[in-house]
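Given below, in the form of structure tokens, are the structures.
Both complexes shown next keep subunit A, but they swap its partner, so subunit B is in the first and subunit C is in the second.
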Partner chain A sequence: MRKYFGRKIFVYALTFFAAVTINWMIPRFMPGDPVQSRLARASLSNPEASQAMRDYYNSVFGLDMPVWQQYLNFWGSLFKGDLGVSIWLFPTPVTEVIMDAVPYSLGLLLPAILLSWVIGNKFGAYAARSKWLDNTVLPVGYVLTATPYMWLALLLAWSLGIVGGFFPSSGAYSFALRPEFSWVFVSSLLEHWFLPFLSLFLVSLGGWAIGMRNMIIYELESEYANYLQALGAPRRLIRRYAFRNAMLPQLTGLAVQLGTVVAGALLTEIVFSYPGLGFLILQAIQNQDFFLLQGVFLFIVAGVLIANFIIDIVYVLVDPRTRIQMQGGAK
Partner chain B sequence: MSLKVSDLRVYYRTLRGDVRALDGPAFTLADGEIMGLAGESGSGKSTLGKSLIRLDGRMKYVGGAVELDGDEVPVWDDRKMNDFRYKRISLIPQYAMSAMNPTRKIGRMTAELLESRGVRFREVREELNRRIELVGLDVDVLDRYPIELSGGMKQRVVMVLSTLLNPSLLIADEVTSALDVSTQRAVAETLVEFRDRRFVKSMIVVTHDISLVYQIADSIMVMYAGRLAEKAPARTIIEAPRHPYTKMLISALPEVGVKYAEKRLTGIPGSPPGLLDPPKGCRFRARCPLASEECEEQPPFVEVERDHYVACWKAE
Partner chain C sequence: MTRNRFRFLIPLALAGLVATSCASDTGEGDAPAGNYPRAETLYTGGTQWGPPISWNPLDTGSYATGTVGLVYETLFLYEPQSGEYIPWLAESGEWTDDSTYELKLREGVEWSDGEAFTADDVVFTVEVGQIETSSYSNLWQWLESAEAVDDHTVEFTFSEANYAQWANWLYFNAIVPEHLWADRSDEEIITGANEDPVGTGAYAYETHDQDRQVWRKREDWWATEALDREVAPTYIVDVVNTSNEAALGQVLQGNIDMNNNFLPGVAQLVQGGYGVETYYPEEPYMLSANTAWLVPNTTREPMNDPEFRKALSASIDMDEIVNGVYGGIVTPADPTGLLPAWDDYIDTEVVEEYATPFDTDEAKSILEEAGYEDTDNDGLVETPNGDPIELSLIVPSGWTDWMEAARVISESATAAGINVTAEFPEFNALVDQRNSGDFDLVINNERQISNTPWTYYDYMFRLPVQESQTTVNFGRYENEEVWELVGELDRTPVEDTEAILEITGRLQQIHLEEMPIIPLWYNGLWSQTSNTVWTNWPSSETDNHYLPSTWRGYFQLGGILMLTELEPATGE
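Showing the complex of A and B:
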């Protein structure tokens, strides 16, 4: 057990190191100069003042040091929980910018992913044993999975938001309100949340349902199911086994989805101007905000790794086969 | 007489028509008899075995009757068959290695299966333990998952599991084909022991390995192209077969003590007819060296000697 997790943790650490390094490199090797664009925004005419400001910014962001020094400093401050200062929202620290956005992304994606997973699996399992459901769920499921989610988002924003006027189509809450814990604010929050949520929910629903349907059919035709049927076991028992075993690959799929919980919503958040992490990525790129981009990516990497690690643990709990392999006891 | 099958017909539904995989065999099985059911691939031996316990989705019951201990077995009615399954007719499947749910401990799966069939697990627990030990396993296999067992161990567990309720008829479908030779022997002997201890009354051992089944079976029945060719006591089938197909089948077996460096093993020339639209008359006609005009009529399956049945005009 310890050996298994030791090995896992080592792999995760290695992945983390590589991801952070690449993550540090990407913005720095992107074309463009963030300091230059800040200066342009200040539109100074005096070249001396401009030089002074450039020096100031360079030292604030640590860009005046040699590249290797920057890299080491980056790791150093990373362990202190310091991701630098945002260029776009200067002088707000990156951690603060990210922490403001995280609740929106999580609040959008976690329910969308978990609910679509649960409901999709239920639907798929039912579809596998009912012809009528199979003939409806399957085509609808295929259409849904094949739909690009930002397109569905646009469609929803246009039909239910702009034309229908049922839901607001941009922002996380009404501009007339300020965040507080009141009934008005919360209901505005929910109204704004609904459309982006629905678009993400619908698109992944189809995929889960199809996957589950196929897995159940496969399991029901497997040899243990045949054997149980030959011994006259009731369908209930066989279906229970099939459902449980079909859940295992679905669980892996969920892990992958949960890992991308933040990155996945990029386009949805842009369509609905929803101030989550995806929206931040766009802003960071447009404003050449190295530190913010780095910070967001770091957050995503950590998210993927943590989600995978959790699923590794869950898998050990639900699938005895992984437990056996862990002990190296399979003959 | 434990089992009586008369004129059982089971076809496979395909897009091009019915494949007549089982075309009216009629035979009986005595109490305590172990019958080897032999034939090449596509002869209908597995179809016969399956038909007696559960028709799968592609199989279609066309006609015929099955009787077990004097009761009619409703092979055509999947639901009614449940009364017979496991309790009176049981199966050791070909795929015994993967017959158990991989994500349940064997004991728990057994308990769930038994309870679902209305048998109290607690009441048979002791007998289960005894039989697990009888086949040379430790009782703690019940606390393990199937993956923790070797192939041979899984096979033995399935054998115990399948026969736990003392069925009248056991169908063992190619039980030895996935095992190495020494394990094959052990499995075969266990089958005999199960019969001797009256865990099962009679047994049909479906196999293509005549030399193995010869060692355990009381009688051997040979099938060809969906029909019965010959049934006789095991020794008679090997030493004095009457049907030309059986003769060629037996002579194609390697013999102990003969070196095959100089002499080539011979097979049976030709291949069995397609069963989508089988030829009239004797189905072995096209490959038979003795075939003549009268073979255009289907020969009846008749008793030529005591307990020796043959379907051939030339067998007298």
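Showing the complex of A and C:
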């Protein structure tokens, strides 16, 4: 057990290190100088001030140091929990910028991922047993899962938002409100949340349903199912076993899918002008905001790794074979 | 400003767990129930491209929309449509001799914390310029001292009377309260977030979030009593831009009363009965805000040859850009590049004699005379030495209108035999190339309208050329004589139109003969307004002619007066 998790944790730590290093490097290899473009946007009329400002910002952001030192400083402050100051939103600390956006992103992602997984699996399992459901769920599922996140988002925003007018098509809550725990505010929040959530939910849903349907059919035709049937076991029992076995690949799939869903959320947030991490990433790239980009990616990488780790643990709990393997001296 | 702590929790709480929502208003803060009544609220958009993060009027590039204008105010306003300086926090000001300027301040003005506005505040603000990183640090190269004579009089002594620049400073820069700012460090003053803005203006901070900035009207604004002016909206909600598409949607749904984005196809919006209005009901729809220039890098061959630059200028089919690319919402620039507001300073005789309007044949013959010939018969000219010419014109990727315009320029230059290709690097990369002089041709429009054509000539001709040209003279054009003239223009009193015209005429002649920078078109003061909630918007049809804009630097140009002219829509 310890060996299993020890190895897992080592792999995760390595992945984390590599991912964070790459995140650190990539924006720095992009052409252009973030400080200069920041100043260009400020369009100062006075060249002397512009030069002085440039020197000032370069020293504030530590960009006047050699690159290797910047890298070491980055790890140093990271361990102190300091992600630096955003260049684009100077003088706001990166942590603050991210903490403002994270609740919105999580509020979209968690329900979308979990609900689509649970409902998709249920649907798929049902579909495998009923002819007419199979004939409807399968094609719809294929269409949904093949839909690019952004396209579905645009479609929803246009049809239900702009043309239909049932839901607002942009923002997090009405511009006429202040955040507070009142019915008006919460319902406004929900209204704005619904469309982005729906678009993420629908795209993921199709994939899970198809996967589950195929797995169930495969399991129902396997030897043990036939054997159970021959023994005269009730169909419900067989299905339960099939379902449990079919769940395992779906769990692994969930871990793999997480990254894609986060990327999908990025586009969805941009389409709906939803103030989550996606919008931040876009802006950070456009403004070459090294520190914000690092921070956001760090957050996402950590999030995906933690989620994968949790799924690893869950896997051990649900699949007795892994458990036995671990206890019985996995070589 | 206290941030709402539980704001973070709200979306989380929504993750399927919402149940506790029946709790009645436990409203934090002092605002009434958090609802801004639609009829009293003005929704604006088009300035802010990221969360509001600074309320520091001295951080001119990043303050939240309205920080200068709505909260912090300037000594004067300058109204470009009438060319008038309007005393604002100042009551009057005059040059008592060649080196002294005496400023009388308005009495009875109070900061929103109740302290009186005095000469000390003005002196403090001017002295901020002594900090090297201040946006007006160059002021102190020719200003010697600023002294408070009494509570409401300030005397400025200059080593050199740069009238034009001084007039510009007076209306452009906002005054900050000395009693709150004096203890701050230099960094704090220049780049601090100033999270509790205390100003003299018509509005005060209400709240902000990532996607909005809300201002609330101050009932005791000085101008109500002193000038009988009152701003109409009780609340101003400035919506953060995410994209032009989102902005278009908000405008169409009537959620934004005034939008200052560039919205492609605005002609159809105005004509199509969507309730969207612009300053002019027909072409060009918009007022002009700045000139877009084609900047040749004059340190490179063949752009170092004035004849070549003139030929390039003559080759550009501006009508195709104006009508084809913009659908008529911009106008071709005057050959001098000066904005329509500066018509008085254009020497028409000089223009008539020296201008090189669009004419492909003329461009060809200028090239031929100067020795540029097509020696290898590919339809494109070579330099007099016989070297091939391959120029690239860069505009930022994603600026679709400019990208199209660049293609038009490339095509029409090629028609005249000049090989120009349009390229679209990322904005950041472009800034890098532009500032370091590593380009052939670039389009730029960073100088906005102002009180004096001096700002434009400064932009065109400023010397010395530095290693990194960050704001002006990107083409690195060096001409001592013309820079001397620009200085002379600066030292001419701003009311003396005749003397100014005399100098600008000479400048225009040199500009047209040398063509170091090629004027293209006037970018519009993009403004789309809706009559659903507020009426009497600035328009050529009404009495309200103030500039309809919330852009940074435009409230001082009469934007604040525009707000006082608005009227609530009556009827249904």
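FYI, the second predicted complex is superposed on the first by the 317 of 331 C-alpha atoms of A that agree within 3 Å, B and C clash if a C-alpha of one lies under 4 Å from a C-alpha of the other, contacts with A are read in each partner's own complex, and residues count from 1 in each chain.
One rule holds for everything that comes next: a residue touches a chain if its C-beta (ideal position, glycine included) is under 8 Å from a C-beta of that chain, and two chains touch if they have at least 3 such contacts.
Everything numeric in this text was worked out from a predicted model, so none of it was measured.
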{"item": "Touching partner for A:Gly81 - first (subunit B), second (subunit C), both, neither", "value": "neither"}
{"item": "Touched partner set for A:Ser37, first subunit B, second subunit C, both or neither", "value": "second"}
{"item": "Contacts of A:Phe185 with subunit B and subunit C, given as first, second, both or neither", "value": "second"}
{"item": "Which of subunit B and subunit C A:Pro111 touches, first, second, both or neither", "value": "second"}
{"item": "First, second, both or neither for A:Pro66, with subunit B first and subunit C second", "value": "neither"}
{"item": "Residue contacts with subunit A in the superposition, subunit B compared against subunit C", "value": "C"}
{"item": "First (subunit B), second (subunit C), both or neither touched by A:Asn245", "value": "first"}
{"item": "Which of subunit B and subunit C A:Arg321 touches, first, second, both or neither", "value": "first"}
{"item": "Touched partner set for A:Ala230, first subunit B, second subunit C, both or neither", "value": "first"}
{"item": "Subunit A residues contacted in one complex by subunit B, in the other by subunit C", "value": "none"}
{"item": "In the complex with subunit A, residue positions of subunit C that touch it", "value": "4, 6-12, 14-16, 18, 20-29, 31, 33-36, 38, 41, 43, 50-51, 53-54, 59-62, 132-138, 187, 191-193, 207, 209-212, 237, 239, 242-243, 246, 249-250, 252-253, 255, 425-432, 435, 446-448, 455, 458, 462, 466, 468-472"}
{"item": "Interfacial residue positions of subunit A with respect to subunit B in the complex", "value": "222-224, 226-234, 236-237, 241, 244-245, 248, 318-321, 324, 329-331"}
{"item": "List of subunit B residues in touch with subunit A within their complex", "value": "53-54, 56, 81-87, 90-91, 93, 95, 98-105, 112-113, 116-117, 145, 147-150, 158, 162"}
{"item": "Of subunit A, residues touching subunit C in the complex", "value": "30-34, 36-54, 56, 88-92, 97, 99-104, 106-108, 110-111, 115, 161-162, 169-172, 175-187, 189-190, 193, 270, 273, 275, 279, 283, 286-288"}
